[in-house]
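Structures incoming, each one as structure tokens.
Both complexes shown next keep chain A, but they swap its partner, so chain B is in the first and chain C is in the second.
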Partner chain A sequence: MTDKQPLLQVRNLTHHFKTNPPLVDLLLRRAPRFIKVLNGIDLHLERGETLGIVGESGCGKSTLARCLVGLYPPQGGEILFDNQNVSNKTRAEQRDYNRRVQMMFQDPYSSLNPRMSVGQVLHEALSVHKMRPEAEIQNRINELLDLVSLPRDAAGKLPHEFSGGQRQRIAIARALSVEPEVLIADELVSALDVSVQAQVVNLLLDLQKHLGLTILFVAHDLRLVRHVSHRVAVIYLGSIVEIGDSDNVFSSPVHPYSRALLNAAPSIDPDHKNSMPPLKGELPSPLNIPPGCAFHGRCPHATEICRQDKPLLKKREGHGEIACHHTESLMATLAEAGEQAPQD
Partner chain B sequence: MRHYSSDPATGAEQTQNRTAATNPEIANPPALLEVRNLSMSFGLGQSGLLAIDKVSFAVKPGEILGLVGESGSGKSITLRSVLGLTRRYGRVNGEILWKNRDLNKLNNRDLQKIRGREIAMIFQEPMSSLNPLLSVGLQITENLRAHTGLGRAERRKKAIKLLDLVGIPSAAARLGDYPHQFSGGMRQRVMIAIALASEPELLLADEPTTALDVTIQQQILDLILALSREMGMSVIMVTHDLGVAAQTCDRIAVMYGGRLVEVGPVRNILRNPQHPYSIGLLRSVPENVPPRSELYSLPGIPPGLGNRPSGCCFAPRCPVATARCAVEKPDLFQSGEKVSLACFNPQNLLSGTPQ
Partner chain C sequence: MTNASLSLKKRFSHYKYLRGLQSGFIAGLTILGSSLILAFFPTFFAPYDPNVFDFTALQSPPTALHPFGTDNLGRDTLSRVIWAYSVNMQMALLATIFSLITGVLVGAMVGYYRGLADIIFGRCVDAIITFPFLVLVIAVVAVLGPGLINMYIAITLVGWVYYARLMRAEIMAQMANDYASAGKVMGYSDSRIIFRHLLPNAITPVIVYWMTDMALAILLGSSLGYLGLGAQPPEAEWGVLIAEGRNFITTAWWLSLMPGIAIVITGFGFSLVGDGIADLLRPRG
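And then the complex of A and B:
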């Protein structure tokens, strides 16, 4: 994997939302407060791979996805696409980037214009980016509908005539219409039922294989992320705490947060009980992120250094990159436990 | 007043033993709640839309029954119909036997005495099911005032005790707080505290953890399990997540198209499902499959309320459907010692694969 050229690179990305200050604060001229959603994200996407992003709600998964497609203007850090910085591109280059990196949204009921037929939706995407001459557009629409296994007469129908799963297929067709290289899937199948979810996931995997797509898969369903991803990043309060090969991270997570999070997914085997005690407490507010390691308040291994210094991501042998001060001792206990009771 | 000795936060270890304690083989108590041929249709007359169709099940004391199925399968309507909450939207037929009384025959006033006292309910969205204008203390004591004879000071004491029980730190100080001052998981705990105020014998939980993160979900499920064990309370838990059902329930009832398709002990249903729908549902969960392999997926989508097939609802999507399935609705029958099934062509696909 290392010899591949990263297609998309994110360096030290930060994003803070300004709050609407209460009147009292305005009158007293207090400094504005910021919701610190992303606090220095570093990651890269290699061509053709799927990177899964997991974390609790409010940890910045969706904000990261939206920053990548330019829905939020960049604040700190940089996004490199094909080794070129996205933010200082000309408008024409920006438009090209927007075409090559496409996003698909969570809610299939609000992400399609209810008054545009499926044909119009696809037509708009094709003509805005001048993908095909006008005469060929109808053919291309049929091709796209075939690609996502929708009937061809779907082009004349309005979104409300489709079920949730079919709408997500339309969203996928819309994203694919401009022949992108990167797909950002923000909770693409979270709103769907299990049996329909499997259909859409199969479609996505199939399309990736045939079109060589690079996918950023944001989801809170851990089983699903494990299934579709090559690599996985675990985010806590806007920072990556662990990133590495999907198998590695899921089967032997090292960071205390990833261990708690990845173990919390209930297994469908009634006798496979979760061995980890449940995580205490809840996600702190991103308005005032704890100093040092953001996780120290909930971490069973926290010591003095965790309260003061923010740990940085470091590559570990046999694991991915981990941001924890106690990685060595945790890895040692993991290895010990592994020897005593070999898992799986 | 009952005494709660254990810390709900440590419910994880206790839950290991609970199956033994409530094993129906050891003790075979009569059912606490028995639902017979419960049907509910929205609207009246010919144009009524049948939401649930002849659902029958029983809950034993101390048992946790999981109602699983996809959206629109009638899980929530079943739950709400038990408490008479769907009456105003249409017609409810069948028997709901609770302590030798048929809840479906009771008028609203008599039902009110049972609702919230003997049978309590928690809802999916803690955001919208708490009153945003009332402090949580008031919302808990309101329930206590309606269902117990406690005085004002005692009610307050009990409310603090309840908040403590569900694991809300510094309970006394938070009594005056409003719902928006709590996080999602904490709000769900408040909901549970309200439901538990009258020490119900049966708790109806409608997707209690669906809106929550997995880490919080585990805390809430452990809490429900521990409380059920402590208080000997039965639970009917509606969920679409088979993992949640597997980890918490004693028995599982699978619903599809408004009917029960398979009912049995959790291990029987999850290890050796026989109904093609249960099999499909289980196989489409991405667990124990090689990463990035094709997931098993049922063709088609669940039927809408208005266009359910005249035969077996699952027939159009079923891989083993026959001509009979298209015209006749299969009824639940006892297929094994503890499992009932509604299918003309039961399958035995997973029996050879030990898991």
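And then the complex of A and C:
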């Protein structure tokens, strides 16, 4: 993993939304408050891999995705693509970057312009980026429709004539039209029926195999993420708490939050007993992130150091990178539990 | 091209579910169509010259010779109402079209870019909207002087604000949709996103408002004519006609009533067409 140069690197990325201060705060000249959505994200994407991003609602998954494609201007930290810093780009550079890093959105009903036919959508993308000479565009549209398994006469139809799953295929075709290297899928299938989810996800995996795409797969469906991802990152309140190979993270999560999150996922196996009680307490407000480890208020293992120092991601033997002060003792108990009752 | 005719056909096939509204739309088109014909060819329909005095029939009530009666100088009211169509339909268009264009452009810009321009725009809008519309227009006409052209300028100076406010809100609502974000991620230019993606989806309420605004412009123009600030007598204009009939309202009711009916019917036509267009332009999802 270390011998290859990562395609996309994110270093200490932060993103804070400024709140609209109430009048009283303005009059008293109080400092504006910030919603701290991303608090130092570090990750990298290898060429051709799929990185899954999981976490509960409001943890910053979608903000991370939008930061990566430049929909939100970067505030802190840096994003390196192919060893080039992505921030402070001119319009032309940004356009070129976006040609190589594309995004697909969550809501299939709002991500397509309701007044443009599928053909027009693809034609626009192809002609603006000059992907093909004008004469070959029609051919390329047909190719793209074949690629996402839509009938060719779809080109003449408007988005409202398609189902949600078909619309996501159209969105995939639009993203693929500019022949990107990285696809960022922000909850690509969470609005779809389970049977359709499988079709769209398998299509995405096929395309990845054929086109060598690198995919960042943001989702809250844990089993789906396990199915598609080579590696997984677990996010809590805008920081990565655990990142590693998909099998490692899912079969033996170490960080107390990852364990709680994965345990909370329902299982259809009747013999599967939840080995730990559900998390206590509420997700803290991103307006007011707890000092130290953001998870300490809800963590059963928290001690004094957790309230003071923010743990950093560290590589652990046999696991991925984990941000927890008590990794050693947790790994020890995990090993013990594994010996007593071998699972998975 | 086949695509366009196909989608048009489809729109109408969806439209048959709205039969009730469709008949209203057709009625509105009929009213506006005949109003336009009257406006362009008054000579074919007016039985008399609108400005010729007939001293044998002074203040005649409606008769077979003068179906709408005559005024105190013997001018035929029907002919004057018909001749007024050209002035009043011209008002409906010219008093609104520049407001529409300016308002749509400004509203789309501030709605898309927000920032300081939006804050300044918001304050200006608040300032203009808190004044009664008619009072502001009268103030501007008073500065520029009475007359049709000055009236158009006055209405445009005040009226664009309403279009811009509507447009800004619609653009902002459309920008919440992911297709706007998708346009940015596709690397499209701002003008392409605004004019090809957002505007076509945001313009419908503005067009509908335009239709009602044209009806209002006729009313406003008539009001100003009535007050002596718009069209000047002896020009035949509905407001002027109503003002001329005011002194005789107890003895010659037809002088004010007939142009009043013309205003009502034309306004109704604009409203019906506005509703019909709203249904036609609404995308189906």
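Note that in this section the second predicted complex is superposed on the first by the 339 of 344 C-alpha atoms of A that agree within 3 Å, B and C clash if a C-alpha of one lies under 4 Å from a C-alpha of the other, contacts with A are read in each partner's own complex, and residues count from 1 in each chain.
Here, contacts are C-beta pairs under 8 Å (C-beta built on N, C-alpha and C of every residue); 3 or more make two chains touch, one makes a residue touch a chain.
Note that the structure is a prediction, hence the values are computed from the model and not measured.
A.B. asks: With chain A superposed, do chain B and chain C clash or fit?
C.D. replies: Aligned through their shared chain, the two binders fit side by side on chain A.
A.B. asks: So, does A:R115 touch the first partner chain B, the second partner chain C, both, or neither?
C.D. replies: Once the two structures are laid over each other on A, A:R115 reaches chain C alone.
A.B. asks: Examine A:A171 and indicate which partner it touches, taking first as chain B and second as chain C; both and neither are also allowed.
C.D. replies: Only chain C is touched by A:A171; chain B is not.
A.B. asks: With chain A's C-alpha centre as vertex, what's the angle to chain B and chain C, nearest 10 degrees?
C.D. replies: Result: 80 degrees at the vertex chain A.
A.B. asks: Touch test for A:P151: chain B only (first), chain C only (second), both, or neither?
C.D. replies: A:P151 sits against neither chain B nor chain C.
A.B. asks: Between chain B and chain C, whom does A:P291 touch in the aligned arrangement: first, second, both, or neither?
C.D. replies: It touches nothing on chain B or chain C.
A.B. asks: Mind telling me which of the two, chain B or chain C, contacts the most residues of chain A?
C.D. replies: Answer, by number of touched residues of chain A: B.
A.B. asks: What is the contact status of A:P32 with respect to chain B (first) and chain C (second): first, second, both, or neither?
C.D. replies: After superposition on chain A, A:P32 lies in contact with neither partner.
A.B. asks: Quick check for you: in the superposed arrangement, does A:P300 touch first (chain B), second (chain C), both or neither?
C.D. replies: A:P300: touches no partner chain.
A.B. asks: Please give the nearest C-alpha separation between chain B and chain C in the three-chain superposition, to the whole Å.
C.D. replies: 13
A.B. asks: Flag every residue of chain A that touches chain B in the complex, lowest number first.
C.D. replies: Per the touch definition, chain A meets chain B at residues 56-57, 163, 165-166, 193-199, 201-202, 205-206, 220, 222-224, 226-230, 246-247, 260-261, 264-271, 273-274, 277-280, 282-283.
A.B. asks: If we count contacts the way the header does, which residues on chain A are in touch with chain C in the complex?
C.D. replies: By the definition above, chain A touches chain C via 66, 69-71, 91, 94-96, 98-99, 102-103, 105-107, 109-117, 119, 124-125, 128-129, 156, 158-160, 171, 174, 178.
A.B. asks: Where on chain B is chain A touching in the complex?
C.D. replies: Its residues touching chain A are 9, 12, 15-16, 70-71, 183, 185-186, 213-219, 221-222, 240-244, 246-247, 266-267, 270, 280-282, 284-287, 289, 291-292, 294-298, 301-302, 355.
A.B. asks: Provide the residue numbers of chain C that touch chain A in the complex, in ascending order.
C.D. replies: Checking each residue of chain C against chain A gives 3, 6-7, 176-179, 181-189, 192, 196-197, 200-201, 283-285.
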